[in-house]
């Protein structure tokens, strides 16, 4: 079914996924989670990956960073900067994680360590990746926090996650992701856990980052409302396969796949996102 | 699970190993002993309460007092039949009521001041005045200074045992001036105990370096001591349980162990250590209450006979191991008046069963009370109790064991409430008159419900024994008394356990004595 | 389980209020402890006078009366209790009926010995227990995990007194790897008394040989004592760490490309620390009560042995003193654990 | 003091979600190899205890043999200081050393569960009184309190068990209380109350079935602790009265005769195997519990 070839070749700094398969378990009992995903995530664009929970969209995002479950078997190619990420040893992969490819998770209250200060969590990976001094890293963190519009950036560095609202915390998480100026950002349901009122702000921020920094963003969400507001291209997943892939306008207005059509028809017409019936496969770990 | 974590596990593993390594390293540096001079470690199972000589009346307390202080009279070596001069020499008047002591010249306290008659009078009066455990030793005796070198002890009634009492370390002479300046008096207001628990004020071979009732007492040589200097500059007396003592002496951690039982001694093997084995001064006995209101069964003479014949004494001696003996009567073999085992009770199952039949005993449970946290020379009373129970079962007597911590049980014992009791007696002084306590109406007799007049034969023999003067007379009088007690009395002497002192090969001599157990200064 | 403490009414600083409540509860509990101990020890159908006096002295009514008067035993029980409380408020724990020494002095000797042992044991169990728990968690459902599980369960199942004997026999007697009984080499002189902990005092005095000796003597009894708590901590830290390993923030940390070491030590262990500290506190408490059995075998004259001998010798003031000290330690322990939460977890600090 | 019961709740405050999720997968838990091993050992020991008089090689009380013989064909476990067969005593000792702690655990479970339910369900005064008493008991170290009680009541197995009961019920009371508090806030219980169920119906029908599994697991884990505690008291001479064979007391006999290792090694191994078996079983059962309630159990099973 994954018949859609990339409409544009992978721009430099972007990411290209080819025939990605992933299964858990061995032999006949193996559970096939991803059944040959191919997707381009070009720089300067937001690529949306939609689908209901269990469709494999989050797993796709995780696999890019090598965060799939230990017992999973992976096949295919994830090409970045001329290298296949799937074949990189962990040590090498670690130099890319957070540095060139960063990730923003669904719930900032659980994806940030509750007992570590923001300053510490924003700088530890920068210092490891770049060898910056602590002071330099903190200064960088202050600048980035300002960039993502966190009020009082200097003060925020000394605070702990529980002292922020959900929306602000997600901005902090995004700041953490872009600390090392990555070229690819994977945003896994970045607004799902937030109040509707602050969702728009986060989405706007992602858009700005994409445009200003030329980031390649993979936006993973079950929320087609969010998707339609933000993504440049949209891919729809179902049971481990991409069933629809195309320009945002085309997918929303003229879905070719009946499943996509059903999803779009289910969208409420007031524009707000429907409440999730259940969260994504990994989102309920809190 | 996750490859990056593999290394972390390695690190944790190394951390654990490193920690152990550090402890191992630091362990290696500990063999340097902190003190100069020769020192010796003596392991003992403590019953220590105080280092105040005039208050102590415990086995360990006597060992401590003996090392720190001197007494007016003393015994030479282990010979307790003849008191010899200590800080003084003595003369007794004809009717054994007035003893005159003349202070010997030249003895000095550890602070350099001479030992005077005032110190002696003060010390003896202090023993009386503070109303402590040893006060009874001088009960009914008036202590008076008669000149600058003499004092007299005047007894209301003839007291031939007095010369045998005076060597008791509880009657040690303390430095009056030092003790008084630290709150000491010869009354119950005395407050010098705390001081004496931290420092000694005596003229003995050693001085107190440190004192901890629970763990150890450390002695250092007294440079001012006027007698033969002890061979070791420093003695550490440690509180260690018997089984551990055995391991320690075998491993060379200690040089003298005082509380090994015969089984442990047998296990040590004589290749690494020297074993000194002799009958101890203790007598373990069974008492059967004669007070019918306590027990109708045990006060029955036939039942009493059945018990005496039902016990297999050899088996108990066997249990207690080499060196222990069956005392013929209540006086241990060390003292004048002791009788041979063949003159004591004999095992006779048939006689026991016959006596039991005529006693009317119908198999009721009879409670045997005993302290279960006491060992006598390393032998636990519990083993003896279990053995007695099994033997009496064979002749048809059902004994139920009722162990209790000694503190709890003492009350019932001393108030004469026990039906059958298993206890031991250590002599207060090495004279058979101490054992008159085992006669009707006396201290231990009352505990067995044996009231004054309950057994006129025994009472008469006791009076006769008390009056006997010459050694031969006393021997035969006490022998007769014990035989009578064995025949009709409530006490069944079971065992005189062995005293085993085990020393390492580096020790050439130890000086043992029934009164103070061991003279630490005599270790060579 | 109590979360009500999170909000304090306005006006009173929450910390002061918390401390006040805490102190009040502690005082009440201590009062309860003394009362319970007093009642219990007076239930004993025996006379402490008999336990304290020798054969002949106990037969002398004059001496007995004197003793009763000195120990205050001639007064009715309620009077005795309130007299005790009165002295207690002045910081006087009374005088042992056995040794006529102040109970505070005796506790001052016994308590540090036990604390030294228990701290040694808790250090050993923290290092090994948390290490094994971490190892097992990182190797979840592997053979290693199973082995560690069985090992930790064995640790939980070993009778301490029996193990103490066995270890003593093997490591001291047979292999001669470690010293035998006591806290120091018998020839060694105890370091000058500051804290009563030989390890600390020797360091303060700069006596390194004594320090080594003290540690050397500590190894066997502390290890035996630690077996149970190692089992406890292994089991507990494994599950606490497993829970944290699943947490989003650990995945987040790995997504940032942090090395395994940073992830484990900075993110995972810190996340698991609150439950682990809680268990450490409980484990320390269980160590304190476990010492009596080990102290007996190693001639380690600590609180356990003191408690045992006081209890069996009916030394009332001593038993009360032990009850108080131990009660205070338990409550203090909980307090320390709570404070530790504050240091570890900023959310608790704020509350 | 009570806030230490469920430590992880600090990081994971959604306790209310627990009630719905609490399921005990007993059958699955019992298929675990640890559980199988544990159960097998327990069954074997219980059989040995019951059959002891029949299979015992000798009378455990008879002092018929030579003293202190090492293990041999005639006496597999050797003989003790009084010439009794150690094997016979170990077998007979199982009756005291296993069965008594079992009874103890059942009784403290009953006392503790009832007290904890009352405290948790009715709250207020009942809660305060019961839990403060529990706190008081917790302020003492178990064995020291047991020691004082046993010393005051005099050594005997009955008194040792009474002492242990006094120190062990609060653990159950705490766990039960915390579970009842959570359960009684859950919707179905509230609904039941609104429908007019009496407090006791509500406790018995709606709440108890939901809390019974963790309490049973706690009890299983506690058997081991109880066996160790009784053995410890006996070791100190405050438990079994001689000549009753009891494992703790037998180890204590061995202390006096150190080189006759068989006197203490075999009863010690007996204690170890039984306690280990109960811990295997309890641990496997706990794995079958919902993690959150397992925490409550873990926190208290110390």
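We call the chains A, B, C and D, going by the order they appear; numbering starts again at 1 in every chain.
Definition applied: contacts are C-beta pairs under 8 Å (C-beta built on N, C-alpha and C of every residue); 3 or more make two chains touch, one makes a residue touch a chain.
Model, not experiment: these values are computed from the prediction.
Colleague: From the centre of chain B, which chain's CA centre is farthest?
Modeller: Relative to chain B, the chain with the farthest C-alpha centre is A.
Colleague: Write down the chain pair with more C-beta contact pairs when B-D is set against C-D.
Modeller: C-D
Colleague: Cα centroid separation between chain B and chain D, in whole Å?
Modeller: Those two chain centres are 43 Å apart.
Colleague: Report, in whole Å, the distance between the mean C-alpha point of chain C and the mean C-alpha point of chain D.
Modeller: The computed centroid separation for chain C versus chain D comes out at 22 Å.
Colleague: Could you work out how far the Cα centre of chain A sits from that of chain B, in whole Å?
Modeller: Using C-alpha averages as centres, the distance is 85 Å.
Colleague: Averaging over Cα atoms per chain, report the distance between chain A and chain D in Å.
Modeller: Comparing mean C-alpha positions, chain D is 51 Å from chain A.
Colleague: What residues in chain D touch two or more of the other chains?
Modeller: Residue numbers touching two or more other chains: 11, 151, 154, 255, 258.
Colleague: Among the residues of chain C, pick out those that touch two or more other chains and give their numbers.
Modeller: 44-45, 169, 254, 259, 271, 296-297, 311-312, 345, 347
Colleague: Can you list the chain B residues in contact with two or more other chains?
Modeller: In chain B, the residues touching two or more other chains are 1-4, 241, 247, 373, 405, 408.
Colleague: Which of the residues in chain B end up touching chain D in this complex?
Modeller: 241-243, 246-247, 261, 263-264, 267, 318-319, 372-373, 375, 378, 380, 382-383, 385-387, 389-390, 401-405, 408
Colleague: Along chain D, where are the residues that touch chain B in the complex?
Modeller: 61-63, 67-68, 81-82, 151, 154-155, 237, 241-243, 255-260
Colleague: Would you mind writing out the residues of chain C in touch with chain A in their complex?
Modeller: 246-249, 251-259, 262, 266-267, 270-271, 273, 344-347, 350
Colleague: Can you name the residues of chain D that touch chain C in the complex?
Modeller: Result: residues 1-13, 15, 34, 132, 135-136, 138-144, 147-149, 151-154, 178, 181, 224, 228, 231-232, 235-236, 248, 251-252, 254-255, 258, 261, 264-265, 267-268, 271-272, 275-276, 279-280, 283, 291, 294-296, 298-299, 302 of chain D touch chain C.
Colleague: If you look only at chain A, which of its residues touch chain C in the complex?
Modeller: Chain A residues touching chain C: 65, 67, 93-99, 102-103, 105-107, 110-117, 124-125, 128-129, 160, 162-163, 173, 176, 285-286.
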